[in-house]
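Below are two complexes that have subunit A in common, paired first with subunit B and then with subunit C.
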Partner chain A sequence: MKKLIVITLLLILGFYLMSTFISVPFGAERIAGVKDYYLKQSPETLKVSNVVTAIVVSFRGFDTLGEVTVLFLASTALGSILYRRRTHHSGLNPQREAVVSSTLVRTGAKVLFPMIILLGAYVFVHGHLTPGGGFQGGAIIATGFLLILISYRKFFINHNVLTWVEALAGTTFVLIGIGGFIFANQNNFLENFLPEGTLNNLISGGVVGIIYIAVGFKVGAEITGILDTLLTIKEAGLNPDEN
Partner chain B sequence: MQDYLTYSVYGSAILLMLIGLYAALVKKNLIKIVIGLSILDAGIHLLFVAVGYLNNATAPIFSETVLDKNVVMADPVPQALVLTAIVIGFGVTAVALALVVRLYRKHNTTNIDEIKNLKW
Partner chain C sequence: MGIGSIIFLIGALIFILVAAIYAVIQKDLIHAVIATSLISLALSLVFYILQAPDVALTEAAIGIALSTIIFIITIRNTKRYESE
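Then we have the complex of A and B:
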């Protein structure tokens, strides 16, 4: 009965969504003033070749600051929801430590880990030139750490280091934004105040590249922290008085 | 051809959204509900990016091969929005999973019917 109600509701919803979107033909040219402005301004005045990066970091940089804050809040919330008692043992789950991964996995992880980190760093350093950027590069770096975490059971991530990396990257972002108040032409928050350089050079786009590098470090540290917190939780029933 | 693309691309995106909503509404397992929310997310992202696409358009990146030719570029605004939405969706999923872990610790089950006052 309940399934029937749900399916009926979803069919009605799907019908109305579909009938709305049919009037927007796929791939047809339509009036989009904002798009033309961004596509013109990004390579000409800002000298950033990746327009998506230009929107995310420069035109809508304030949104990105909020987004980074949301990520920070998510990792903080995870830490406070899944709290553990402080133990003298490094805090690792004894059950997790007991399971040993195979030699193949460990050797493969050892070979792949530096390359994954290098790829992640490449992606966020070239965020203003190629597809990708701080969020994507940070996520790639976090997958490298995930590989190490699941293949070396005793690998221990120091959360103090993660906190410091996060804090420094976030502070860099905000300081660059405040620098726009002081040094830029129009004294706006997050406005570019460095020389733009030439299009398609690595050093171009002014503050955009620096902000995306900071975002890359911040996202990498945050996702690594989230993964580590989720991986090291104790099983229920192992320690009943913890509830 | 154009109609076919319109129906199939938007249709698959909307279908993904409906599948996600169905899982979130009907399934009893908390983990499956979180997976349903993620599928709903994916459907919305696909719909957004599809709306921003133009016929024969390239990615909105002024690389050297594209620079001096007069090429059509896809709308960068939905792509930037989706980039934001993916990150937020990741945060939401992480916190939801953490809450599931908390509920499992408290009640020793992920079945939502066995936890009072949670299901309609």
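Then we have the complex of A and C:
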């Protein structure tokens, strides 16, 4: 019965969404100048070959700062809610050590972990050249740490290190943004003030690459912290009435 | 876009619909979560076919791996089977 109501509500919502989108002519150009401006400016002036990165970090960089702040707030809120329940702040948890993963899982994790970290680092270092960037690379790095966390129970993540990495990365982002005020020609927030270099080179695009590396470290540290907090709660056995 | 891509796209969208309906009607919540992660898998392929590799990467990393594992941790801390 409950599901029937949910499905009916979803159908009504879908109907209204469809009727809105069907009134928009498919493929019509509604914001004419913006697309051409981005496609022209990002390789020529900014020397960034991935246009999506150019939009996310440079043209709409302030929005990205907002997204990073939202992620930081979510991670802080989770940590503050679950802080009291965590049984250990340093050292190992005996209950957590008691559960042993199989040899196959542990060996596979040992082989895969460096490759996953390398792939994540590649994705965010080459954010201005190939698809991907700080958010994607950070999420990939967090999945690597998740693999290690669920296969090696004795693996312990120091949350102080995570906090420092996060704080340094966030500060770098804001400082580069303020640097645009001081050093750039047009004196705007997040304006490029470094030499652009040549298109398609690894060191090109000015501040775009540096900002995306900072975002990658920040996202990776935050998601790893969230996952470790959640997993620690489970291992602590707070829910004795297991079903 | 070639005819093969269009056929693949239609197949992927039908798969997404079927998996979504399965996730709604399934009583075992672990199975439902696996079905939603399969939706993310098909969706990231759809994004790749539609020439949005950035979005496909995000969907693959967050939709398939991270959100699935967070749901599984939550289910292990609460109840596995849905009760009416």
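We take it that the second predicted complex is superposed on the first by the 199 of 243 C-alpha atoms of A that agree within 3 Å, B and C clash if a C-alpha of one lies under 4 Å from a C-alpha of the other, contacts with A are read in each partner's own complex, and residues count from 1 in each chain.
Basically, a contact is a pair of C-beta atoms (placed from the backbone, for glycine too) under 8 Å apart; a residue touches a chain by one contact, two chains touch by 3 or more.
Only a predicted model underlies this, so the values are computations on that prediction, with no experimental measurement involved.
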Query = So, does A:Val208 touch the first partner subunit B, the second partner subunit C, both, or neither?
reply = neither
Inquiry  = With both complexes superposed on chain A, which partner does A:Leu13 reach: first (subunit B), second (subunit C), both or neither?
reply    = first
Ask   = A:Val24 contacts which: subunit B (first), subunit C (second), both, neither?
value = first
Message = According to the stated criteria, A:Ile140 is in contact with first (subunit B), second (subunit C), both, or neither; which is it?
response = second
Request  = Figure out whether A:Asn200 sits in contact with subunit B (first) or subunit C (second), or with both, or with neither.
outcome  = first
Task = Using the superposition on chain A described above, determine whether A:Pro43 touches subunit B (first), subunit C (second), both, or neither.
result = first
Inquiry  = Looking at A:Ile116 after the superposition, I want to know if it touches subunit B, subunit C, both of them or none. Which is it: first, second, both, neither?
reply    = neither
Ask   = When both complexes are superposed, which of subunit B and subunit C contacts more residues belonging to subunit A?
value = B
Inquiry  = With both complexes superposed on chain A, which partner does A:Val52 reach: first (subunit B), second (subunit C), both or neither?
reply    = both
Ask   = Taking the superposition as given, does A:Lys2 touch the first partner, subunit B, the second, subunit C, both, or neither?
value = both
Message = Identify the residues of subunit A that lie in both the subunit B contact region and the subunit C contact region.
response = 2-3, 6-7, 50, 52, 131, 133, 135, 223, 226, 230, 233, 243
Ask   = Hey, which residues of subunit A end up touching subunit B in the complex?
value = 2-3, 6-7, 10, 13-14, 17-18, 21-22, 24-29, 32, 34-35, 38-39, 42-43, 49-52, 54-56, 60, 63-64, 67, 70-71, 73-75, 77-78, 81-82, 129-131, 133, 135, 199-200, 219, 223, 226, 229-230, 233, 236-237, 242-243
Query = Which part of subunit A faces subunit C closely enough to touch in the complex?
reply = 2-3, 6-7, 50, 52-53, 123, 131-133, 135-136, 139-140, 142-143, 146, 223, 226-227, 230-231, 233-234, 238-239, 243
Key: Residues on subunit B engaged by subunit A in the complex (per definition of touch)   = 2, 5-7, 9-11, 14-15, 17-18, 21-22, 25-26, 47, 50-51, 53-55, 57, 59-64, 67, 73, 75-77, 79-80, 83-84, 86-88, 90-92, 94-95, 97-99, 101-102, 104-106, 108, 120
Message = Looking at the complex, which residues from subunit C come into contact with subunit A?
response = 24-25, 53-54, 56-58, 61-62, 65-66, 69-70, 73, 76-81, 84
